Amino acid sequence: MSGNSMGLLFTVTSFGESHGPGIGCVVDGCPPGMALCEADIQAELDRRKPGTSRHVTQRREPDTVEILSGVYEGRTTGTPIALLIRNTDQRSRDYGNIADTFRPGHADYTYWHKYGIRDPRGGGRSSARETAVRVAAGAIAKKWLHEQYGIVIRGHMTQIGDIEIPFRSWDVVNDNPFFAADESKVDELEAYMDSIRKSLDSVGARLRVVAENVPVGWGEPVYDRLDADIAYAMMNINAVKGVEIGAGFGCVTQRGSEHGDELTPEGFASNHAGGVLGGISTGQDIDVSMAIKPTSSIAQPRRSIDKAGEAIMVETHGRHDPCVGIRATPIAEAMLALVLIDHALRHRAQCGDVQVATPRIPGRIG
Amino acid sequence: MSGNSMGLLFTVTSFGESHGPGIGCVVDGCPPGMALCEADIQAELDRRKPGTSRHVTQRREPDTVEILSGVYEGRTTGTPIALLIRNTDQRSRDYGNIADTFRPGHADYTYWHKYGIRDPRGGGRSSARETAVRVAAGAIAKKWLHEQYGIVIRGHMTQIGDIEIPFRSWDVVNDNPFFAADESKVDELEAYMDSIRKSLDSVGARLRVVAENVPVGWGEPVYDRLDADIAYAMMNINAVKGVEIGAGFGCVTQRGSEHGDELTPEGFASNHAGGVLGGISTGQDIDVSMAIKPTSSIAQPRRSIDKAGEAIMVETHGRHDPCVGIRATPIAEAMLALVLIDHALRHRAQCGDVQVATPRIPGRIG
Amino acid sequence: MSGNSMGLLFTVTSFGESHGPGIGCVVDGCPPGMALCEADIQAELDRRKPGTSRHVTQRREPDTVEILSGVYEGRTTGTPIALLIRNTDQRSRDYGNIADTFRPGHADYTYWHKYGIRDPRGGGRSSARETAVRVAAGAIAKKWLHEQYGIVIRGHMTQIGDIEIPFRSWDVVNDNPFFAADESKVDELEAYMDSIRKSLDSVGARLRVVAENVPVGWGEPVYDRLDADIAYAMMNINAVKGVEIGAGFGCVTQRGSEHGDELTPEGFASNHAGGVLGGISTGQDIDVSMAIKPTSSIAQPRRSIDKAGEAIMVETHGRHDPCVGIRATPIAEAMLALVLIDHALRHRAQCGDVQVATPRIPGRIG
Amino acid sequence: MSGNSMGLLFTVTSFGESHGPGIGCVVDGCPPGMALCEADIQAELDRRKPGTSRHVTQRREPDTVEILSGVYEGRTTGTPIALLIRNTDQRSRDYGNIADTFRPGHADYTYWHKYGIRDPRGGGRSSARETAVRVAAGAIAKKWLHEQYGIVIRGHMTQIGDIEIPFRSWDVVNDNPFFAADESKVDELEAYMDSIRKSLDSVGARLRVVAENVPVGWGEPVYDRLDADIAYAMMNINAVKGVEIGAGFGCVTQRGSEHGDELTPEGFASNHAGGVLGGISTGQDIDVSMAIKPTSSIAQPRRSIDKAGEAIMVETHGRHDPCVGIRATPIAEAMLALVLIDHALRHRAQCGDVQVATPRIPGRIG
């Protein structure tokens, strides 16, 4: 594979550029017989869609998905499911002035050096627009995991720039533009984001994604550990610079007597492991956090060079998210779903018939 | 692949249990013609070897490696290189009392549930002993990367429990038992580790690994990004709970105007990116940090359950590292080497002949 | 991968059903910088297109290809190339009567048992319509191989049913409906095929495909041998039941003194090896033959069963090729191109810089 | 993967050279809980072992296998099973004189050109000695397939040079040195092989391998068809030049009315398909044939060149099989087992719970 596929048994192969005819993917390995229609996928796409509030890019894309194959009479057939999202709002003129320069913090520079050719229209393949594909594929995975195992995958922002956002309730996450789990923080966040935009700057973020009801036993040690594949999947989202499982970097100052989650007949007494031990799910919640860098494209003048290596100043105008982290919540959920379904299938292949006498301990967040 | 191979073109397939006949791997994809002998590998293995100070496990393993194939008259032939390390110090009696119980924070529980069978001797496959294999395979990768590109890969501890260890100099890292880059901290660390051991406890750690002289252009977006594969590789090391590239979680509170590394005709002005933009290397240092949890096996009594689900108390005696993070430094270096060589080969396959007119900008740590 | 991708470095992921919205693929791994437009692909598709003579299916499909991604300003960018061919002539009524029965020799029976669900419209995914995708992807591979190495890949029919077709000249192959390399045989073949159709029957075929100018050294022993990957690629074409390299089954009665191709300073003295020794190309022509079974769908009544397991008689009417082998020639060429480009890239990855002092011996057909 | 692994879920990674320290493999993906010991594997190895009759190479190798990992208390644990066979009879002097020349029909030439380095000791990696590894890994696969599904995999020679060997009975196959299923042919074969040896020549062969009791539904269209993976597996055996499924090349002259196997409530009426339709198993016997070229290494003088490209004459003395096809029977059985177990696991992953109402039709050989 040349880098645009992920998953061994539930494989997503992605294609498309920001300003080309469209983006999409082929999902190979979805088990047959599951009810599936475009509306199932569209619901998730609409959560990530641009233009939904003033705090995200104002590009107008309906992100309408078409299922090209793999579904017959409303059910998956076991054959590849191809999804296509046509690009409609391609204002390439916004980007024309940057074709010969490199934006600080942007993939312009590396794509140019790697391929010797570069599609400057909206960042081409490096655009975060590709993440719509992940959300679409993830919607299929989410549906199957929920139907087969009752798995629920949800995310929320835990920090935007300097503002920490505590967890209050899942119920409010989809009702505010920040995927905040505490609605009392929304006004503060609105004002904060307005000030960032006014200063022609952008800001980083931190988010968390949780999968509940994952059975014990998923994950393939020693390399394709469940947490290793999660780290891969999260780090391959545009702009992510750090990933944590469970206690994450907090474990550095923990003692073993604190970190190691005790077991009781009623379940684990805590979840510092984040639902994974030895690379295999414990039956507790899978608990993942990640850091997302501030948007690279800002309207302030910055030092850079052009293709000839000459010093220039660059300002990036156009329609950019002032905090790319905000719309990353549904993307991170999708990525977690893609990892989990792949390991569900791998586990079914290898250990399908293993029966263990011990009662399975229900996981719970500590 | 069932989880014990990593790398697409430079593929390491690992085998072996802590107390079985031995551990080892097959390295498939090493380019032909490189000088290689057992001493090249042994030098790296000796850095990770148990029993080198009182701060690590006292298990006595010489970790002597045998090259079984793939080398003829001192040169690699392009065929698979099989490496074997026999286990010699297998005191299985140390572990006999835990066969029917689960240690908090340990993979006992998940292996049992996954496979329905469990090798209790020293943790079996889940033992950190497997990491010797990575160091051995990584030694081959390191050598090739250095010979072909002058790449240097080095790591050092940045924190052990509550004690932060600043970076002073690479020169001292291999001269103290903590892989500390500041020798003035060694006495404090010795005392700290002694106190941890006396309290029958263990502690977490944080380490950093850096690759210098990596060419611009390595990494396969959009999924097999260089940083995504690094995150996968680091998170699949036993006990790692978090991974960062460049600024890592520090980017959450950064502004775009601070985080985005400016370019100048003399090079990048900073390295918050950690050497990767858009999933492709920039030519700067690849800069990775990770968090390692405290050792699970501690001699304190802890609550747990047995296979029947009954409440018990567990104490783990035996020869365990009080801080597994310490010996992780050479392992993390090896993993970074394995990711880099795989991407070096992938890049050579896809873009071998691309020539870009722009002068390449030398990277430097900001 | 769940079976719909082929190639490690030049990866084709196929999707689509005979009577769904369309068919297509994602080509991941095409090197950047190659000139490519839809016309390059269309030319190959037109050679396989249905309805070009009375001896093939009369389904009317223009098979117009759209490039959805991976090409910018007429050049490949190194990112995935997605291709889409919309289905236009979907006369599903032709197939409606077979939804609950199984046609002898057809994949109906196995798809139903495997997936528990079946798309009866034109055979769904099992339709030979999918092979258009291979021809489209193969056109890209062919172009690159020709531009980089001067490789020419051509095929011709060597037998249709009882009629053997000797090789006279490549020049006439594309000028008759049978891909025959001897135009003096065309009248006989026309009459033969007319008689097969009149008898409501179908017939098998044999074809040969040759690649010229392949460099010495491609192929990855010991499993991913060049000839093993060719055998896989040819056998995965619908209806192929046998594959030969070089002397093929003729080698059974050969002596070693006859079969082993002698070497001379001017080149090999013969090519019984078919251009592959030890799984690696020799520099001679790659020479492959295959057997293609007669079309399963025939208008004669045949014994079968229905989904309830009851005995029935089945006749298949509709628009079927009386000899599916005829249109297989461009498909086999495409498959050979896909295998060769993948091994070209794999070789470049592993052995890119190997220089051997010995003069390379030009291959030639014995 | 760099060519020395096969199988997606049951993965065999092979290593070793003819005259190095040893050969072996890592088997990753064997389901946990199966009883396994060295004797299970040794029994199959002994069938392939050199030196068992005067008609095969006289090299003395006990081919004793050691299980290095993956088995605990006599059961597979689900972790990688590493197998090691030490080389003991390495008479490298036999081969010393050929280090600078190329033997006609041998991989010397291509290895040299590919890798720029060559292990001349007994052919190094290109030696048929590597096939012992396949037999060892295949023994594990065979055992699992038999225990889980009652699958029986057996092979027999159908032709050696000019002598066809009809099928009479499986019972006699292992009781004669030729794996002949008709003992009345053994005397003729003995005399024939003696004459071949006396003439300092070698001869080709044809063999057949059959798997009984394979369930309907295995195989992953459209590329990883069961028959495509079988073709790959057989063609990657040293010296195989052709592969057939079912009617094979015989289908060229068949009519559709003859080839397409009719279905009846009692089962299929014939098995021209060879047990595979649309790339998926039908429940009938999987029936595969292959052609094996005559041994390249013969004692007659033959024209060749040396590394400088100069004309020379080459005679190969040493201990070679006069018909490499003979010992290929257990190898072909092993390869079929490896393909089947991989598809068994893939099927279990994707379609584990599909239940089809139709009664499954027992397959039978037509």
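Labels for the chains are A, B, C and D, by order of writing; each one numbers its residues from 1.
Everything that follows uses one rule, which is that a contact is a pair of C-beta atoms (placed from the backbone, for glycine too) under 8 Å apart; a residue touches a chain by one contact, two chains touch by 3 or more.
Since we're looking at a predicted model, the values are computed, not measured.
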Chain separated most widely from chain A, comparing mean CA positions = D
Could you tell me which pair, A-B or B-C, is linked by more C-beta pairs in contact?
-> A-B
Computed distance of Cα centres, chain C from chain B, in Å | 45
For chain B and chain D, what's the span in angstrom between their mean Cα positions?
-> 39
Cα centre of chain A to Cα centre of chain B, whole Å, reads 26
By residue number and range, which residues of chain B touch two or more other chains?
-> 1-5, 8-9, 14, 29, 32-33, 78-79, 114-116, 125, 221, 346, 350-351, 354
Can you list the residues on chain A that touch chain B in the complex?
-> 1-6, 8, 14, 102-107, 109-116, 125-126, 130, 159, 161-162, 196, 201-206, 216-225, 227-236, 238, 241-265, 269, 272-274, 276-283, 291-298, 300, 302-305, 307-311, 346-347, 350-351, 354-361
Residue numbers on chain D that touch chain B, as the complex places them | 1-5, 8-11, 13-17, 20-26, 28-29, 32-33, 66-70, 72, 75-82, 84, 114-119, 121, 124-125
Can you check the complex and tell me which residues of chain A touch chain D?
-> 8-9, 29, 31-33, 78-79, 221, 345-346, 348-354
